[in-house]
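I have a structure here, written as structure tokens, and I will follow up with some questions on it.
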Amino acid sequence: MKIPVGIVGISGYTGLELVKLLLNHPHFELSYAGATSQNELKDIFPSLAGVINLKVEVADVSEIKKRCNLVFLALPHTEGMKIVKELKGSNIKIVDLSADYRVSLENYEKNYCPHLDPEGIKSAVYGLIEINRNKIMGASLVANPGCYPTCSLLALLPFASMLESKFGVMIDAKSGLSGAGKSLKASSHFVSVNENMNAYSPLTHRHSDEIKEHLNLNSDANLDVMFVPHLIPLTRGMLVSAYAVLKGEFKDIQPLEILREFYKDEPFIRIRNEAVSIKNVAGTHFCDIYAINKNGKLWINGGIDNVLRGASSQAVANANLMFGFDEKLALPMLSSQI
Amino acid sequence: MKIPVGIVGISGYTGLELVKLLLNHPHFELSYAGATSQNELKDIFPSLAGVINLKVEVADVSEIKKRCNLVFLALPHTEGMKIVKELKGSNIKIVDLSADYRVSLENYEKNYCPHLDPEGIKSAVYGLIEINRNKIMGASLVANPGCYPTCSLLALLPFASMLESKFGVMIDAKSGLSGAGKSLKASSHFVSVNENMNAYSPLTHRHSDEIKEHLNLNSDANLDVMFVPHLIPLTRGMLVSAYAVLKGEFKDIQPLEILREFYKDEPFIRIRNEAVSIKNVAGTHFCDIYAINKNGKLWINGGIDNVLRGASSQAVANANLMFGFDEKLALPMLSSQI
Amino acid sequence: MKIPVGIVGISGYTGLELVKLLLNHPHFELSYAGATSQNELKDIFPSLAGVINLKVEVADVSEIKKRCNLVFLALPHTEGMKIVKELKGSNIKIVDLSADYRVSLENYEKNYCPHLDPEGIKSAVYGLIEINRNKIMGASLVANPGCYPTCSLLALLPFASMLESKFGVMIDAKSGLSGAGKSLKASSHFVSVNENMNAYSPLTHRHSDEIKEHLNLNSDANLDVMFVPHLIPLTRGMLVSAYAVLKGEFKDIQPLEILREFYKDEPFIRIRNEAVSIKNVAGTHFCDIYAINKNGKLWINGGIDNVLRGASSQAVANANLMFGFDEKLALPMLSSQI
Amino acid sequence: MKIPVGIVGISGYTGLELVKLLLNHPHFELSYAGATSQNELKDIFPSLAGVINLKVEVADVSEIKKRCNLVFLALPHTEGMKIVKELKGSNIKIVDLSADYRVSLENYEKNYCPHLDPEGIKSAVYGLIEINRNKIMGASLVANPGCYPTCSLLALLPFASMLESKFGVMIDAKSGLSGAGKSLKASSHFVSVNENMNAYSPLTHRHSDEIKEHLNLNSDANLDVMFVPHLIPLTRGMLVSAYAVLKGEFKDIQPLEILREFYKDEPFIRIRNEAVSIKNVAGTHFCDIYAINKNGKLWINGGIDNVLRGASSQAVANANLMFGFDEKLALPMLSSQI
């Protein structure tokens, strides 16, 4: 029998991607779909007509408790922790895709708002598998990392302890529009986006501190992070270019060798021999990485599918581990591009 | 043990899509990849790095004979029939994605060039499953339909015998750029295509006569076809708007009822309640159809993924039938869009 | 001294294009900008920073009366006629870009809503210059045609009297997203539009009856119109493919000759020798047309910039004529594409 | 009488843009168009049909000498200097859009190939008006800057002497596809570019040393440059994000004030109050700049139209100055976007 799984916040992009991933999962079965209003799933996502029939219900914790062993919270921040709190004490495992449990209380309250569940933060595990695999295995609450932090951390962590802290790291990130979510904003109108590009929230984006916290937590570094995300006219995909200065003793490193060694057992990290192309990771769980050391200055280049590796497939990978399954189950490896 | 399968012409878009489909197939195994030059598959398609290791060989019929029970020919016209001829007498089943066996000798030589295998045309089955399912099951050579004919015929066939032949059908089709192939042409340059659209080969496109032949062959109609394809700035997807006049006795038909009845047992035809969106079929084997009768004039609207339902997944569906498998095996149902 | 000109509804796409055209006009000067709220023009359109400083005022008819000799109403339907009514009796010439005066009372109330100014309809001139040049010269109220009607009528009118009325005309139209306006709709979100295409309002779009009325009014024809517009992932541009059957006596016409003769004195109609490309008309006032007669069946292909020839530059052309100026003043001829 | 002007290399994107700019110029008249083969200009650029009739000739220096007082060389590197050499001694003023005279001999031969005209380099003026206005006025040979250097230098020069040389500057640049030119390459195919993005020539792009040379030449700085350009799926536009560390004594500067002061008399530099949007500069000669100082670390953000300010309109601006005209003549200020 399959494990009954719920998704709360099913009507957004990450909700849809979770549904599609679960449809291919051998052990999980989507049994509960919650949103802010009732609907047929195929009316929200007409592409699912003829594929799955499921009623979307008004999200209700008592139903989740009755009908799920695992729940994905695909919600805006603050909405995630409300449900986590209500589920406390149940045996339901939770992967929270909101920002609510990703960073320290201090970091959270600086960037978001007062936290409703400070205790929860301590027990939550940051769901970046390549770093926290073992902790995730025993976790009942996993905070699914943000998309920019996922890509930035995977690119930077192998080098963190080799970098000049005086300079820190400069991260120039580029994301497709799915990262901006489904809600209607002037900045997401086709006419605004098409034939345009621009930085947004430069140096103030909330993911900046998420990157910094986990970069320093997972290394002996104490690096400052300058983070500038850009909006790019495509739907799916995220590219990171990180710039840093190597400490004197590391100024001659071969970054590709370091990357290959660091990630040698990782099935979803590919070290490339040339600059990363989003085409190769779109539709997959892969993170592609490339790097160059030029006279002691380092350029690191990473790319992911922001909705999958940066959200939904990472959430499924975390759930796989939490239930002791092969972490690769149902994770997509084939690019949707040609 | 899986059935060993070859692809000749693997370096194009349809070759890549075939590879990806076969990687998910429970009974077929890609054992031979032929092209015009030697290479690593992952060097042609960097998205396949970490997924499959396969050497691409210079296509050689004697190798195919030794190593394949099934071969997909993803080749330009004339190249398909050369290999088919050489494979004659072997037990290898063939799905030819070129134009070489799709139409009558006369029709072929009018639209393409002298045919090298007129006998072959007679034994080949036109691989439009919804129409020729039984014939395909026994076939050893299947001619995989063109993309425009696939979408146009699926939209039109339920109505063919109801249409005024004096008027015929007017087909206004729109395709994404993958339909134009991977070769470098001024008309495929990003700067040419982006923020542009235009008809091409209006009323003279070769698919016009393919549509006409099979439309009349599969009905008691004798309809002329006006066919105008358009190039649209997107990668994947094909939309057909067909216009026709209903004969007097059919002027009050409910086209959606007719469609639902005609396709009631078909798992990959979805009758929609509103105009078709490419988003819903992109990445899938589905053909979505919608139609309106307005005072005896009919508008029929169909949409497919041109590289999948219009080429590679249709080829796999044909192969499934030729080997007696469930035709749905490995056919994608989940849109790659969000 | 230049003629003082106002724009009401300046914050939309047509408002912006009007501003840009007027900045290049030798005789008109933008002196009044009205919208629903106060603002700096450069704050609504940051591209105008360093180019023009103008306060946008809450639209107020008494101000218009004091400060303008000409006003462009770039408003939604019903909003146009409210202002027209209030301006009655003044000497201010009006180009109304809304739908309010484009069609007969009956046609309007069928497609829109009750009309507030039925008398006005009679005095308004339909501003399709190639057809109504002389009437426009003496007009004080010009109804600027819809974008689809502009392109469809220019393509069809030369042939209207030659077409089989039993069949009518089938118009398959494709538009970029600017045609859908600046307001925030799920169907205009970048992620919805990108890599998608679809018909909308098939056979029921309001422009259908506008086309039909003026097609029959300006010819001895009595043609029915089947009109299906499609949304295409680009910003600017509109393509029309019209299908029709020629009457017996016209079945051998050379359509390019007819077009060249019909438009021989027109500076902004270009008869092409191949299918129309949107690239060539984007950013200009041109309408490009091409046509083929195949055995008595006709395909006519027209293309315009929907925001310019289909709205703002057509409005300026009308204003030029209303004031007795050379109609070509300030009309753009150079494509914005490369 | 207007000054007769030639363009050599008219069939590329910069050639087309030059034609369009010259059509609006009050004092220059396009009298000579050279390319590698004979043609009608409107057959190369169908958008110019009905606008200009001009024969394109096989480029021939003796004709240029007879018929031009000014010539724009819109040619690949090495082709530019060949013609410059042949024109030596004539009175013809030259704006060379190739790379041939932009940098020192050493820098050139490191990045390109042996130089054919080392003397010429010394007499050529680097045509970045905001820096070299006076020198350009007296010049007979102007080297039109590269697109990336134009945008990077305009963003960086106001700060060059304030930056920590140990760190240097990290320039993350993004360009639309027009920057890759009109020639057919796999990397410019629509299907490759659409829904993709990637860095190219990271840290090795030839513009890197052009930026470095002029950055240090025009300041007392000695800064190293890490330059990584990216290909973005849009046609027109270039964005630069530059990262640097301020020297201790400058760690509290207000970068917007510095920019406003530095460029206070410049009509085509706009200092923005938020991150630069390509939409605002597309189709214009403007360079928009924005910057933030965060704890002594600086982010500078610049944007231009790569084909205009990064090539053709900059060339016209240089020509304006060389002939003593108002430098603003014919330079576009109105964005082509809405």
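Per-chain numbering from 1; labels A, B, C and D assigned in written order.
Here, a contact is a pair of C-beta atoms (placed from the backbone, for glycine too) under 8 Å apart; a residue touches a chain by one contact, two chains touch by 3 or more.
The model shown is predicted, which means the values in this text are computed figures rather than measured ones.
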Contact-pair count is greater, between B-D and A-B, for A-B
Relative to subunit A, the most remote chain by C-alpha centroid is chain C
Per the C-alpha centroid definition, the whole-Å distance linking subunit A and subunit D comes out as 39
Chain centres from averaged Cα atoms put subunit A and subunit B apart, in whole Å, by 37
Taking each chain's mean CA coordinate, subunit B and subunit D are separated, in whole Å, by 46
Multi-chain touching residues of subunit D, meaning two or more other chains, are 13, 178, 191-192, 194-195, 233-236, 277, 279, 337-338
Per the touch rule above, subunit C residues touching subunit A in the complex are 13, 177-178, 182, 184-186, 188-195, 233-235
Touching subunit A in the complex, subunit D uses residues 166-168, 170, 172, 174, 176, 191-192, 194-200, 202-203, 224, 226, 228, 230, 232-237, 239, 241, 243, 245, 275-279, 282, 292, 294-295, 297, 299, 301, 303, 337-338
Per the touch rule above, subunit A residues touching subunit B in the complex are 13, 16-17, 20, 23-24, 46-47, 49-51, 178, 194-195, 235-236, 267, 270, 272, 277, 279-281, 283-284, 286, 307, 333-338
